[in-house]
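One chain, subunit A, appears in both complexes that follow, with subunit B as partner in the first and subunit C in the second.
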Partner chain A sequence: MNLTVMPHGDIRIIRIEGRLDGITSPQLEQEILRLCEEGCHRLAFEMDALEYVSSAGLRVLLLAVKKTRAAGGRVALYGVGSAIREVLEISGFLSLFPVLATKEEAIDSLTQ
Partner chain B sequence: MRASSIRLRPVLDELDRLQRFIRRFCERHGVTEVLRNRLQLACEEWFVNVVKHGFGGAAADSSVPPRITASFKLTSPGEVMIRLADNAPPFNPDDHPAPDLSLPAEQRPIGGLGVYLILKLASRHRYERVDGRNELTLYMTENAHRDHERENGEEPT
Partner chain C sequence: MHTGILTGVFGFTTAALIAVLFLLWREWRRTATLQRVGLQLNSTIKRDELLRIIMETSAETMRAEGSSVILADEERGDLYFQVATGERNDEVREIRLQKGEGIAGWVFEHGTSVRIADASRDPRWSNRVANRVNIPTRSMLCVPVISNGKTLGVLQVINKKGGGRFSRRDLRLLEMIASPAAVALENMHLYEALIRTMEEVRVTTAAKERMESELKIAQDIQRSWLPGDSLATDRIELHAELVPARVVGGDFYHFIRLDEHRLLFCLGDVSDKGMPAALFMSGLMIWIQAKAGSDRPPSRILSDINAEISRTDSAMFATIFLAVIDIRTGTIRYVDGGHCPPLIAGPDGVRKLPTVKKLPIGVFEDEVYEEMEYALKPGESIVLYTDGITEAENGRGEWYTADRLIGTVESVRTGTPADVARRVLEDVFAFASGHPQSDDIAVMVLKFRD
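Right, the complex of A and B next:
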């Protein structure tokens, strides 16, 4: 897995490439905790290059939702492929955050 | 020869070897990416559970050498049977409570989705405790995951 964090005003765009599983998800967890500590509470996850997610990855996404909401912030996802969407759907995660097509839509939803 | 097995040590680092094994199995048998993803997901959830809660749990008996195996068989084009076996304490996934997916984020517990995902991804499944082993058999297909209630899958005739 490869993580890239890009600032966009107050928003942080987190690009996740590769596999978000039991081995790699602690890396994303550390990054989210770091961003929250720095006061970044609006996170957009760019997922077009994410190939695979397991419950370990979902756990970290839920953590991101809880952490940002507790600080008055929000999370949005975009560019989610069909394999990832299936896992989000089965797990009932599609109701936890907006899952959008483009970066612009994600930024719009976080700036409203 | 359409079946293959792998034996795993009870450490999380083995996950990578398990995933590569599944990838090779799928390449050899022309299994699609959609189905490969489901196989890898179900196997990761099972393996992580066995390592963390089976052999790492309070009921674990350290005098018994851990034995964990995963076997894969192409039963028809587009269907793979997985047999997952371990000698950890009994764990029947059918007795595992399903998560409440209607809860808002604030009330959702962190974790507890793994077993649910396994059972949802399989078109049918069967659990047995045999000779001190947990044996979970899953049938996975390329078709959409099941959205009906879980069933106690019987071996097909």
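Right, the complex of A and C next:
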């Protein structure tokens, strides 16, 4: 898995490439905790290069939702492929955050 | 004239002969000494004995009042030596000095031998060290101990017996002693490193064994929460299988008779593996047991369990499919907490059971679960499973998939629950063909008899 964090105003865009599973998810978890500690509570996840997400990976996405909500922030996803969308759908996670097509839509939804 | 010349020649020759003989004798004696020293130094590999032998042999061979071996401490980056103290020299005190400090420190740093007639007047002399050693030092020889190009420490002798000075020859002899001493010290270091490694292996192995036995106990405890693997009444038959990926895992199932006519059954997957998942699962099993009641619908049971295990500061959750069946009619009322869609298998084929998709339990405490109902026809089964089956991987990185699972269930769709569950596991493991199982696998089949 590869993580890239890009600032966009006070929004942070987190690009996840590869597999988000029990082995790689602690890395994302630390990144999210670090961002929250720095006061970044609006996160956009760019997921077009995410190949796989396990339940441990979902747990970290949930952590992002819980942490940002606690601080009055939000999470949005965009560029989600069909395999990942299916996992989000089966797990009921589609109701947790907006899943959008483009970066612009994600930024719009976070700035509203 | 002739005799004078002859005498002169003869006299010169006699003197030369004596001189040669003396040199030969001295060389022989030195060789013999070194051979004896070498044998003595090789007689042990244990630190205390070896240091004592080096010091005693050096002092004796050099006819010196005292001797010490000063060694480098690589970890601390300084030098240290031990001196015998107390009235009978039976107590040992360790003295440390910096690299470059005192004469020994200078020799260590420069890798050069020194011969000093009066040590206390040497500019390199360290009172700090001398005061702690507490032996008045006059003459001194100090040589580096080098093995394979690495300076291990220095060897020094002090105060030539009889009050004289050490000669250049003495210095060369001490340098020759330092050479086998270096080999012996190097061997001592290797031996000590080996002992340390063996101790580390012993400690690590003991810790690993303890941990494995704890995991084994955890597995036994976790297994003890499960209600068994089968149940049968005159109308229904149930069989479940659980194969953890690690010794303890996060998949779980449960079935509880609520009353004479109703049975609760559920199957789920905790969002992690290993010990944390197992602990979460254990708590969950207790809450399922506690909240299951004959007068409560499944949506209420699951909402109650969810409220108990949801914590804002934790992101651990579990997907779950929970249902209550009336065992007289085959009517199932069920809720879906973010779990894989169950399959309905019967004589007509296999299909996914539609559900109202809700969040897993443990996510938000106020999640509301919506029920649906399905009436099993006689001969039909409901198949619950975890994503450890659909996402089982083979060596080529391919997944087992839900479609393949449907195909497998179809091939045994009229079989007993045990037949179906075992056929599924067989096919999943045949598909993986030895590729390590990365997630827990659980499957439960409940059949409404013909």
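Just so we're on the same page, the second predicted complex is superposed on the first by the 112 of 112 C-alpha atoms of A that agree within 3 Å, B and C clash if a C-alpha of one lies under 4 Å from a C-alpha of the other, contacts with A are read in each partner's own complex, and residues count from 1 in each chain.
One rule holds in what follows: a contact is a pair of C-beta atoms (placed from the backbone, for glycine too) under 8 Å apart; a residue touches a chain by one contact, two chains touch by 3 or more.
Remember, it's a predicted structure, so these values are computed and weren't measured experimentally.
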(request) Once the structures are superposed on A, label A:10 by its partner contacts, choosing first (subunit B), second (subunit C), both or neither. (result) neither
(request) Mind working out whether A:104 is in touch with subunit B, subunit C, both or neither, as first, second, both or neither? (result) neither
(request) Overlap the subunit B and subunit C contact sets on subunit A and report the shared residues. (result) 21-22, 54-56, 58-59, 62-63, 66, 90-92, 96
(request) Name, in rising order, each residue of subunit C that touches subunit A in their complex. (result) 250, 269-273, 312, 315-317, 319, 336-341, 357-360, 363, 387, 391, 438-439
(message) Per the contact definition, I'd like the list of subunit B residues that touch subunit A in the complex.
(response) 12-13, 15-16, 19, 33-34, 37, 40-41, 44-45, 48, 99, 101-102, 105-106, 108, 110-111, 113-114, 116-117, 120-121, 145
(message) Quick check on the complex: what are the subunit A residues that touch subunit B?
(response) 21-23, 52, 54-56, 58-59, 62-63, 65-66, 69, 82-83, 86-87, 90-92, 96
(request) Over in the complex, which subunit A residues touch subunit C? Could you list them? (result) 21-22, 54-56, 58-60, 62-63, 66, 70, 89-96
